[in-house]
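Same chain, two partners: chain A is paired with chain B first, then with chain C.
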Partner chain A sequence: MPQSAEKTKDHVSLFKEPEYTEMFAEKKANFECRPSDEAVLAQSEYTKTWEYREKNFARQKAVINPAKACQPLGAVFAAQGFEETMPYVHGSQGCVAYFRSHLARHFKEAVPCVSDSMTEDAAVFGGLNNLVDGLQNCQTLYKPKMIAVSTTCMAEVIGDDLSAFINTAKEKEAVPADFAVPFAHTPSFVGSHTTGYDNMIKGVLNYFWDREKGEVKPGASNGKINIIPGFDGYAVANNRELKRYLDDMGVDYTFISDVSDIYDTPSDGTYRMYDGGTKLDDVRDAINAKATIGLQQYCSDKSLEYVASKGQSTASFHYPMGVGATDALLMKISEISGKAITPAIEKERGRLVDAMADSQAYLHGKKVAIFGDPDFVYSMAAFLLEMGCEPAHCLSTNAGKDWTAKMEALFATSPFGVGCKAYAGKDLWHMRSLLFTEPTDLLIGSSYGKYLEKDTGIPLIRLTFPVFDRHHHHRFPTMGYQGALRVLVEILDRIFEVTDAASDISYDLVR
Partner chain B sequence: MSLDYTNDTAAAEALIKEVLDAYPEKSGKRRAKHLSVAKATEEEGVTGCGVKSNIKSIPGVMTIRGCAYAGSKGVVWGPVKDMVHISHGPVGCGHYSWSQRRNYFNGTVGIDSFVTMQVTSDFQERDIVFGGDKNLDAMIDELDVMFPLNKGISIQSECPIGLIGDDIEAVAKKKHKETGKTIVPVRCEGFRGVSQSLGHHIANDAIRDWVFEKGVPEFETGPYDVNLIADYNIGGDAWPSRKLLEEMGLRVIGMWSGDATLAEMARAPKAKLNLIHCYRSMNYICRHMEEKYGISWVEYNFFGPTQIAASLRKIAAQFDETIQANAEKVIAKYEALVADVVAKYKPRLDGKTVMLYVGGLRPRHVTNAYEDLGMKVIGTGYEFGHNDDYQRTGHYVKEGTLIYDDVTGYELEKFIEKIRPDLVGSGIKEKYATQKMGVPFRQMHSWDYSGPYHGYDGFAIFARDMDMAINSPVWNKFKAPWKAA
Partner chain C sequence: MLKAKIKELMNEPGCATNQAKSDKDRKKGCGKTLVPGAAAGGCAFDGAKIALQPITDVVHLVHGPIACEGNSWDTRNSWSSGSNLYRRGFTTDMGNLDIVNGGEKKLYKAIKQAIARYKPAAVFVYQTCVASLIGDDVDAVCRAATERLGTPVVPVNAPGFAGSKNLGNRLGGEALFEHVIGTVEPDDVGPCDINILGEYNVAGELDQFRPLLARLGIRLRASITGDARYREVAACHTAKANMVLCSQALITLARKMKEKWDIPYYEGSFYGISDTSEALRNIARMLVEKGADPSLIGRTEDLIAEEEAKAWARLEEYKPRLAGKKVLLYTGGVKSWSVIQALQEVGMEVVGSSVRKATEADKKKALERLGGDEDKLADAITPRDMYAMFKDGKADMMLSGGRSQFVALKARTPWIDINQERHHGFAAYDGMVAMVREIDLSINNPIWAQVRAPAPWEVE
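Entry: the complex of A and B
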């Protein structure tokens, strides 16, 4: 008998016991009608070929393992970053169950969010009643300061008009007339979660700057810089890291959506449904900032365009990770604020460069494949180039042609970029073909990369959302010089682990 | 080993009143029908758990429920391993359900098995405007090129499909004609019904309409052929179950749908008996097989030794004396293991209280497993149960047990906060809020990435895990020592 109370075997080892392996073999032989082992092996080998790769890249309609989610996920994430705000999704309720689970699995935190549970009758008659009741219930039960409404594709297909519906709800006194209910239409058949993030940020700004009291004109400058972080699985630590720099430089700032507290609440006996986040008054006042910076351009295009329409200057970055990207961000902040980059920060920079110099021999020429959101892939590639690595395959399912052009321009800046290629709109089944036909030393992406790692044997480094199967990565930064140091160490660790495992002779104590 | 206890009816009733007071009047009235306390009935050992169920969730209250797509793709169809399951519509549904249910299987991913893949038509705006049928047609051809060893394809409809008037059935018929393969269109759009539950039903109907009598592999039947129905092999659950059935001399000719192949689904009507674990999600197809093929069905429960033994005897009673004798041998074989597990964990868990909120069968089925370890279930409820589930629950829970149907985030949080049970068993959405309160928690959908929990082998793991959660030293660290107690 394989099981015992003394040494309890769970799924990890139980199913390797002969009682089970024999049962599996019998089941397969007698009941499953699967293809022969030879056929499976042959097909398995065939998928590694250039011929299969060509067929794979000839796909027009089938999307297989795409590395992107849909708009409302980003909208919920963005909404969660405001003070005592309840994200509210107008449409089918199953979507909300999915968003909450998805974010909870990454952050290991509760993710409050409500749905107005539209079903068949709402599909026919529209979801106005759902919204009216939903807003009232949500406000009464959960007592938020703001309810941020986004939509599922169901509500979008039937064409529900959030602006009109919310006005009606207020007329019916579902919520007080002056209660903040910003909204964003977030059809999941357009763009991805990064688009939804952008739409919700714009919706919140638009509510406070245009809708709350009619159009507000910017007044005297409040001297602050607004920062839109973008959809970032590491925002908990990255936002804090960036604030540390800003505080050190004496720069006044407002994060437009800051999830660093709500996605990192303490365990002390009290469950906090709301924690931290951007104060609503700060959002109101953000119109008077000196400038607004988007840390991830593809998460804030429309929001920045809207901010610019208020006469404010804007700038955007691509997930500032690595030396040059952090330099550029800090210099921009210094330029806007007139505050100098402090000696302490400069020293941190020096320490990062020191670490890179110490380790450069192990990084030089290493080929790396990357996948993720467009901003992340850009900055990861840029940082790899700084380390002398070759970001050979750069894939972003939710990127477009302009991103490809930017990536090509980036490759052209470095001799290590020769032969590197950007794949916009491709999925992880494409990546599989790339890795089999043109293998790399490392793969960088999210937990979804573990299937590629398993199939190709190329070590995966988890550095972007979602990370479901490793714990607490998001509690440490990836942005800034400290973040870059952490990224560097993660890459080095994998390289050393691979080297240690590769040869008994080269099993060196010192490297 | 069944425990004799009652829970505090008055306290539970007061709590219900307290949470209902927080609602706007109209919603409070609606919610009142879903909350109750188990009452003694005239029947010995059976309580009354009367609540309204399977009704639309109230907007804006934070229901924990999912949708029909989740019930079909996520539960019933997704585990069928040698078929490619298309999440037909926008990218999200397939993304969020990608590899999230731990339906274990043996096979080579992307070659002859496709369970842990996210295959989607990734609808764009033009598909909404012009319809997705043409692209679906082309996509099925592409999937056959990419995955030539697939045995069939299912089309799992997302919300827009039914709203824009696509005819996926026509596409399925056409592609079946062209390829000869099984193509199953499933109308499980997320807005249909009130929860996952209708998705199960629709998925069951799709098996009936698009798999049965559409070609069955050559197969010689035997006198002890059974189907293992509605075990999704989460963390490998169905395997210890299968092992027990085989040990008692039965032949499992189909696993539904954990680790299943299409052949196992198609062959099912040849069985002598259907054994159903999750009644909620697959009673429909069992009833169909009973009506059409005369196959009777038996509900069983493989959680914890009390229920396992009772179920093995109940199943054996459907067969001859040989099988009945074998069932006794199987029960005897595992007696020592059970005694060891109970001896090890009962002293650590005795008298501990549990609140459950899960789906399918678990809100009732795991009750005796806890009681086998000396624990008491003081509250339970279903995400998407129906009246017949609550009736069955009366056979499990004691008088005074708090019953909550389609509980809202607010209610569950308040219940937990006030009752402070020793353990909560629910899902990922409920896990962290509960733990922040200092209350131990186990995910009872995914087994918190552990398992299997079914069968005797699983009971040892179940006991270990519950002990791990409840007796972790971390719960003593919540209060900073400089804070007054």
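Entry: the complex of A and C
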């Protein structure tokens, strides 16, 4: 018997027991009607060729292993960054279960989020009743200060009008008339989670600045800078890191959505359905800020456009990671606020540059493939170029043509960018072809890269959302100088691990 | 006993520096008194351990408190092509009770255990300050253990307080001379057997020139001590010639082997293209003088011509990227001159070379290659001066050991390690090409632009 009560075997070893291996072999031989092993192998080898790569890139319809998620995921993420806010998805509940598990698997935290569980009859007659009942139940059960409504495809396909529905719900006294219910239409069939994030932020700003009490005009400046962090799997640590810089410089700021507390609650015997987040009053007051900065352009385009329409100045970045990117961000903040970058920060910068110089011999000329959200891939490539690595394949499923142009301009700034290519709208099956035909030394991306790692033997470094199979990575920053240091160390660790694993007589203690 | 030995080592007739001294200076010996409170290098124990640890198939047992082994365990990239026993850390880990009651019994038991468990070719026992202070007689324990256990147990009596690291290297050589060499008589003595002294197979360098020797039919009887086997070293007195690489470390051993077994020696280097050729020529000459087939000389010349042409050709591609770059050499010893030529060949300018730890002959050669410019030769350069040199842009990069790396790095200057902690072999023809390649990678890395630029908000 492979299992006994005294010593139960885990699946890692259980299926290697003879009972199972025999069963698998028999199943394969008698029931699978497989082609011969040789034929399977030949086909597998064929998929590694240039010829197959060309066919693969000519593929138009099927997307295989996409490295992106859908709008409402980003909307839920954005909504959770506000004070005592319940993300509410108008649509089918299955989608919401996905968002919750997706975020929980990455952050290792409970993710409170509700849906109004639209079913077949709602699809036929419209989802108004679901929304009215849903808002009332949500408010009664979970006592939030704000309910942020986004939508799934189902509600979008039948054309539910959120603005009208929410007004009706308030007329029917499902929630009080002055209760904050911002909304965003977030169909999955348009854009990706970065778009959804942007839409939800815009929806929240729009509620407090235009809907709550009619159109609000900006008053006297409150001297603050608004910061929209964007969808970021490392937001817990990155937001805190950025606040540290801002506090150090004496800059007054408002984060527009800050998930650093809700996605990192302590285990002290108290369950926090809500924790931290941007105060609703601060959002109301944010219209009077000096400027609004988007840390990730592709997560805040529409929001910043809306902010600019209120007469505020705006600026956006591409996930400030690495020396140059952090420099640019801090200088912008300094310029807007009139506060100097402090000597302490400058020292941190010097330490990062020192560390990069210490290790450059191991990084020089390393070829790297990157995939992820457009802003992340951009800054990762820029940081690699700073270190003398070659970001050979840069792939972003949810990027467009303008991103490709930006990437190409970036490559042109460095001799290490020669021969590097950006692939917008491509998926991880395309990446597989790239890695087999033009192999790199490293692969940087999310946990989904692990199959590519197994397949191609190219070591994976997990540096972007989602990281499901490694714990607590999100608790340490990737942005700013400290973040860049951590990214540097992760890359180096992987290089050294690979070197050690491949070494016999040169298995050295000191490297 | 130890005192007499040290005195003898301090007056080495084979040492060029010593020969050049006045009688009065010679009496003082060559040990520099350490200045309390000033930074200093390693101790005699460290030196002995470094010199002997590369012997691969023996147990290196340190008799002392934990730190002596704890800190020196496997810190050098001395590679083995066989046994990895030498990379294990063995120590008696003396505690306070051992210091009160004496550690000899514990040492004996440790030797016994190590032999029973690992069946090594031999055990090397290293004396340390503490064991020496309490009077543990390591020599006697080793003698007894050898008799009773049937495995050679070699005492290495170089406690840290005896003196400098270099003295320790030589004490290590003494241990080999007294207890190891000549204890095995091989049955395959040939006319073309040589030993290499002072080669530690750092980053596998031995295999950058061992194949060259093999092509000439020259057998490396023993490498002392890189990638060595105990029995090879024990039988190395049958070789026909000795080549001494790191001359200050094992010159005494070479001289004594000449006196006792009439083995001629040549001090040379496998660093640099011409020097490798020179070394091969000298080995061939010595062997022929000792009765090897005279055709060896012609074959050696053929090999040199072929390999040199290949190496120079491979250096061509680096010229455009390295021409005009100024480099500071800070290594001392033979490397103070041996790499100059290759660097000059790719168009680099050697702006200075440190000749500390170098013999008078080394200095002369370095001077010759630097066009007679005395200013370019320096003894020790203080970190302050070195820092200033980089700050003033007098050098674009530095080649040195790990200890001075941070002076360069903090002065925002590229640096590569050409001493013992390096990870690339730089010996012989292939090694020199590898070194130039490393220089190219380092000097042309984009991080230096970033390192040198001030924070952008400081620039108007």
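Please note the rule applied: the second predicted complex is superposed on the first by the 503 of 511 C-alpha atoms of A that agree within 3 Å, B and C clash if a C-alpha of one lies under 4 Å from a C-alpha of the other, contacts with A are read in each partner's own complex, and residues count from 1 in each chain.
Here, contacts are C-beta pairs under 8 Å (C-beta built on N, C-alpha and C of every residue); 3 or more make two chains touch, one makes a residue touch a chain.
Quick caveat: nothing in here was measured; it's all calculated off a predicted structure.
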item: Touched partner set for A:344, first chain B, second chain C, both or neither; value: neither
item: Partner chain in contact with A:505 - chain B first, chain C second, else both or neither; value: second
item: First (chain B), second (chain C), both or neither touched by A:405; value: neither
item: Touching partner for A:136 - first (chain B), second (chain C), both, neither; value: first
item: Partner chain in contact with A:164 - chain B first, chain C second, else both or neither; value: neither
item: Which of chain B and chain C A:308 touches, first, second, both or neither; value: neither
item: Between chain B and chain C, more extensive residue contact with chain A; value: B
item: Touched partner set for A:268, first chain B, second chain C, both or neither; value: first
item: Partner chain C, residues of chain A touching it in the complex; value: 323-324, 327-328, 330-331, 334, 341, 346, 349, 353-354, 356-358, 360-361, 364-365, 385-388, 414-416, 505-506, 508-511
item: Chain C - residues contacting chain A, complex; value: 73-77, 79-81, 203-204, 409-410, 412, 416, 421, 423, 438, 441-442, 445-448, 450-451, 455-457
item: Chain B-facing residues of chain A, complex; value: 1-6, 8-11, 14-15, 19-20, 23-24, 27-28, 31-35, 39-40, 43-44, 47, 55-56, 59-66, 68-73, 88, 91-95, 97-102, 104-105, 108-120, 122-123, 130-131, 133-138, 140-142, 152-154, 157-158, 187-190, 192, 265-273, 429, 432, 448, 451, 454-455
item: Chain A contact footprint on chain B (complex, rising order); value: 22-24, 26-27, 56-70, 82, 89-93, 95-98, 100, 104, 106-112, 116-125, 127-128, 135-136, 138-139, 142-143, 145-146, 148-149, 151, 158-160, 162-164, 190-194, 196, 217, 235-236, 239, 242-243, 246, 252-255, 259, 261-264, 267, 333-334, 337, 340-341, 343-345, 408-410, 413, 417, 427-438, 450-452, 456-457, 460-461, 463-464, 474, 478-480
